[in-house]
Amino acid sequence: MDAATQSRSRLAARRFMRRRLAVLGLFMVLLFFVFAYLGPSFYKWKFEDQNYTSSLQGPSVEHWFGTTQNGGDMYALTMRGLQKSLIIGLIGALISTAIAAVAGAAAGYFSGWTDRAIIALIDLLLVLPGFLIIAILSPVFEGHTWHIFVLLLAAFQWMITARVIRSMTLSMKEREFVHAARFMGVSDWKIILRHILPNMSSFLIIDATINVSSLILAEVGLSFFGFGVQPPDISLGTLINDHWQSAGTENGYQFYFPAVLLVLLVLSVNLVGDGLRDALDPNAKVGEQR
Amino acid sequence: MGKFLLHRFVYLVVLVVIATSSTYFLAAAALNPRSNFEGRNPPPPPEAVDSLLDGLNLNDKTPITQRFERWVRGVFQWNLGDTIDSGSVNEEMGRRMGVSLRLLLIGSILGSLGGVAAGAYSAVKQYGIPDHAMTFASFCILSIPTVVLSVFLANSGATLNNAAGHRIVYNTGEYTPGLTEFSRAGIADRLQHLALPSLVLLLQGFAFYSRYQRNSMLDVLGSEFVRTAQAKGLRRSKALIKHALRTALIPMGTFFAYEFALIFIGSIFVEKIFSWHGMGEWFIQSIQKNDVNATAAIGMFVAVLVLIAGFLSDVVTVALDPRIRRS
Amino acid sequence: MSREPLLEVRDLSVTFPSEAGPVAAVRGLSYHVMPGEVLGIVGESGSGKSVSSLAVMGLLPSRARITGSVRFRGSELLGRSDKDLSAIRGRGISMIFQDPLSALTPVFTVGDQIAEAVRIHQKVSQQAALRRAVELLDLVGIPNPAQRAGAFPHEFSGGMRQRAMIAMAIANNPDLIIADEPTTALDVTIQAQILETLRKAQETTGAAIIMITHDLGVIAGAAHRVTVMYAGKPVETGEVDDVFYRPRMPYTLGLLGSIPRLDSAEHLPLTPIEGTPPSLIHLPRGCPFTPRCPMRIDKCEQIEPELLSMQTSGTGHLAACHRSIEIEEQNLQSTDIFPAPVIGPPAAAGIPRDQRPVVLELQDLVKHFPLVKGAILRRQVGNVYAVDGISLDIREGETLGLVGESGCGKTTTIMEILNLKRPASGSIIVLGRKTAQMSDRERFAIRRELSVVFQDPMASLDPRMPISDILDEPMRTHGIPDAERSSRIEELLQIVGLSPEHASRYPQEFSGGQRQRIGIARALALQPKLLVLDEPVSALDVSIRAGVINLLEKLRTDLGLSYLFVAHDLSVVRHIADRVAVMYLGKIVEIGNVDAVYRLPAHPYTQALLSAIPLPDPRKERARRRIILQGDLPSPANPPSGCRFRTRCQKFAGELDDRQRQRCIDEQPLLRSPDNSAEDHLAACHYAEGYAVLEDVAEMTS
């Protein structure tokens, strides 16, 4: 037996670090966080500021990303929007993956009526037009800002993952170490939480990461049409909605700054997700014969 | 066999009914058509507003269950009601479905076919330069939100036109009014309008399918039956194309099914940026305009399409995978 | 006739790059195969046997570094282009793989795949190729070949699939067939069929065969010459009689001595080989077997031994050991070299059976599963009669072996017992309590007395938990206080031969044999009375099995345990069990004292089963008269009327007259004593008759 034995997570971390793009992605995400949350403390302008005298100025030392028609500072606005996107993405993803894990595992493990009920719920939610419903309900969360919005986004995100978790649970249920626990007398939910879900942790982590970018994009889509984040709140989606028509003009920077940052954010998250998949699930990229 | 198909069908119909009803109730409860009319200047007399709303089945003073019943009765007679502009929902839907179809068809087909081929090739020549380049490109494209990609391409089109000195592509609308539809000039005109939005779809489709096809191929490439095929004497490339690709296509069937069923819903982003008046645009507008009937109709439409897509994907999977066919 | 070797491999080495360092899978392998002969390559996992054959075929991934020489009919194969090698594959040399389900493409019919093999090398039309495919299917014994050619691989049974693979391999009359573990995944009676088919295929084509396997019995019966591989290198090679009767390398000696013998009445201890095969990364200098070799000397750690010629054997007998001359001169046996532990019988063995308390009893146990068809629309179309009325009992201190092939219902039986629920019909009585009458709390309490050890050491331990947690879980679940638990964990590890410092490690860091020991330790945590063991050694390497079997025997004696030992390997069962029950399609067809049943099996199925098992004894193997069963196991959803075994029964097909056959069709046979004696031996056959299948019982290899 080999002398050097490493714990799983250390081995995974090593593999992750080896993919430079993934590390870059992680670095960028962290950078985004820092700039979005700490940046405004060190910057002169606030996102609410409207300085009519400096309307529609291009990027400068004074206003890093330029100003809008109303004299608002583009950098401050973008950072504010970034905050929103980041937090919606993260919290939404966590909620979504958690629901998927519990529902999928319960359906797969308990079978019978529990399974059928959960599948029916999944089918129903898949058939319901999520975008439509959130859009219709958008006036409702004007005031409570984004809390309900995030819950709704998560509520329409978990279904497909739950299905996958269900089938993974079905096959894992027959694995011998689960049988061993059952025949020892361990209770059902303890088995799910102690044995089944931890053995899917790679999948859950990767899924949560993908959900982050999906949710960020979903928020942008909804806010773009005025259905998501409501004014006076700012998100990258509202910014894009406000400024896309200036894209081809000399004031195009109003569009391009938030748009490019959005793309970079999504790209970074996806890079991290891809790197995690390689690190945690090296079998996924088998391409050669044995 | 028939009994159980029926079972399944009924289950799905129940789902659609629940989804549609929920959408109707939500729309009727949350949207406020009355505000459209009261907001006018000068405001019309309340009785006129009431009678107008009644006619359209949008009167919030009528109990919601009554309005629902009236709507459902209409649905069974194939009449989805009136839009808030006093038009016919049926007619509007029919027209816009066609627009969306025309918008998305070419781009989707090219994107998926191209993507599958590229993904397969990429997997076979794994770690070569084309593989790395394609993987990276796909990755980046998939990270760009549709709205951003659309805006970018729309503006690139304008830049291209300026550089060329005359209009090569259009970034607004479906066609130039005035040209005969099927004349040479008419068709060329339509293609010019189609070019940019199709490009959006093509790029996205290509990126998506190449990525998934590549992964699917990679999964299969390590399989024992590929090795057996070679052990029989098949050259590696032939073994991969004949045995691996065919097997790797099985999971793709589901994606194709969903993609082509959902074409009719259009794309909300592409239609907005490029100003095509399809289902996607209507989808957004009907909510913004408090058009309850249209919203409910679209909700039902989406539900039905998702169902068809699901069924289609089952059929395709069974067709492609003999292991499931056990009979 | 000039006897040029058909295939000559010289100094073949294969190295793979890996994260941890280069893996030397094959290190200097040399052998040759003459036309028409059968060469056996024997080795355990990690020995390099499969990799070497893939290297010969040129089917290794491009990252493998291959050196040496492989000459087929005089021309060199290594380094040739894919185009050149493709012309040889399937024609000059063809290959049969282990798992026919994954080795055949799922989306094409079997007929098409065989026809493809034909058309690659012969210019014929598709129809002609398909016709040939049907011919070949017929040749390998597939019934209704024309119809079956249109079926997909998943619609075939395991044995049929492997026949189809053989058909594909001989389609172009190859000169050499490489069979890589062709029967490992198959049941014993099916294995006998396939080996017979291979023999026939060889006769028809005159091809030479390289038979790669870990099963020494298969080699003994099939091969002319054999090469034993260990850690990527050949350690002994020669004529099969020489290697089996006069092994001169300690690994070979140990291996042969560690296999439980089907035909030995004496309860001889198994000689275990301590330790595990070495990792192929960073192999130490010297002989790789050194850490496990009882005969090691200093020289062994310095210099790797070359293959030396043995003088007293026939030509071509080579062994790679510094002390093989010594072994030869003194004619040492495995028992001389490897110390075999002496394990006394359990205390309860002295008391007659009837006077011991009953630990487990099954009365007419029945378990059916609904048969569900269709992937999209699932509906019940019938029942799978997995367990259809079985009765048995186990007394304190006793070991009952439950044997049968796949589909017989033995796994379902133990699952039913372990679930402790009310059975569909009949009763399960554990330690005097009927499961149907147990409250949840009683069930929970009984779980302390009833424990299970599973087959697959990789799957039976949660890979995410360290060993300490795995051992802790049963105790924690049953409320044992903290302090007691940690000391018990240490104790358990020591009982099974591991050290307490292993407790903080994870399952992946252990070998298969060690993991199985951990599984056993976990089963003992709560001091149970009855242990259910589901094929506990089948998934382990042959050299490791003996150690685990010895451990189980020792624990039985020391702790006074009773075992319900489920296995398909009858040799192991003979060694460890006191009594045996043979199952077929959900019923027990024979049950009784293990020696009585093995010596004089009375039910035709038991006879065929025993006859099918290859013995690691070439002379016996050659002389044996095999009973080969026809056909496949009938579907458990649709078992034959009357006696379930009649569709494959050699008695039914042979000696019975029509009136007798009618009885088999109409009437289900009950378990009765075959010779009306009081002996503990019952068989369920209308015409049960003892037949000493394993003729020369007492003769041991010398």
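In this document, chain identifiers A, B and C correspond to the written order of the chains, with residue numbering beginning at 1 in each.
Here, a residue touches a chain if its C-beta (ideal position, glycine included) is under 8 Å from a C-beta of that chain, and two chains touch if they have at least 3 such contacts.
Model, not experiment: these values are computed from the prediction.
J.: For this structure, which two chains share the highest number of contact pairs?
T.: Ranked by contacting C-beta pairs, first place goes to A-B.
J.: Work out the mean Cα position per chain and let me know which chain is farthest from chain C.
T.: B
J.: What is the distance in Å between the mean C-alpha positions of chain A and chain B?
T.: Result: the chain centres lie 23 Å from each other.
J.: So how far apart, in whole Å, are chain A and chain C when each is placed at the average of its C-alpha atoms?
T.: Centre separation, chain A to chain C: 49 Å.
J.: Can you work out the whole-Å distance between the CA centroids of chain B and chain C?
T.: 54
J.: Mind pulling the residue numbers of chain A that touch at least two other chains?
T.: Counting only residues that touch two or more other chains, chain A contributes 288-290.
J.: Multi-chain contacts only, two chains or more: what residues does chain B have there?
T.: Where chain B meets two or more other chains at a single residue, that happens at 227.
J.: Which chain C residues touch at least two other chains?
T.: Residues 59 of chain C each touch two or more of the other chains.
J.: Looking at the complex, which residues from chain B come into contact with chain C?
T.: 1, 4-5, 7-8, 223-225, 227-236, 243, 246-247, 250, 314, 318, 320-324, 326-327
J.: If we count contacts the way the header does, which residues on chain B are in touch with chain A in the complex?
T.: Touch residues, chain B against chain A: 15-16, 18-19, 22-23, 26-27, 30-31, 123, 126, 139-140, 142-148, 151-152, 154-155, 158-159, 215, 218-219, 221-222, 226-227, 268-269, 272-273, 283-284, 287-288, 295, 298-299, 302-303, 306-307.
J.: Inside the complex, what are the residues of chain C that reach chain B?
T.: 57, 59, 82-83, 86-91, 94-95, 97, 99, 102-108, 116-117, 120-121, 152, 154-155, 165, 168, 373-377, 379
J.: List the residues on chain A that touch chain C in their complex, please.
T.: Counting only chain A, the residues touching chain C are 1-2, 4-5, 7-8, 175-177, 179-181, 183-186, 195, 198-199, 201, 288-290.
J.: Quick check on the complex: what are the chain A residues that touch chain B?
T.: 120, 123-124, 126-129, 131-133, 135-137, 139-140, 213, 217, 220-221, 224-227, 240, 244, 247-248, 252, 255, 259, 262-263, 266-267, 270-271, 274, 284-290
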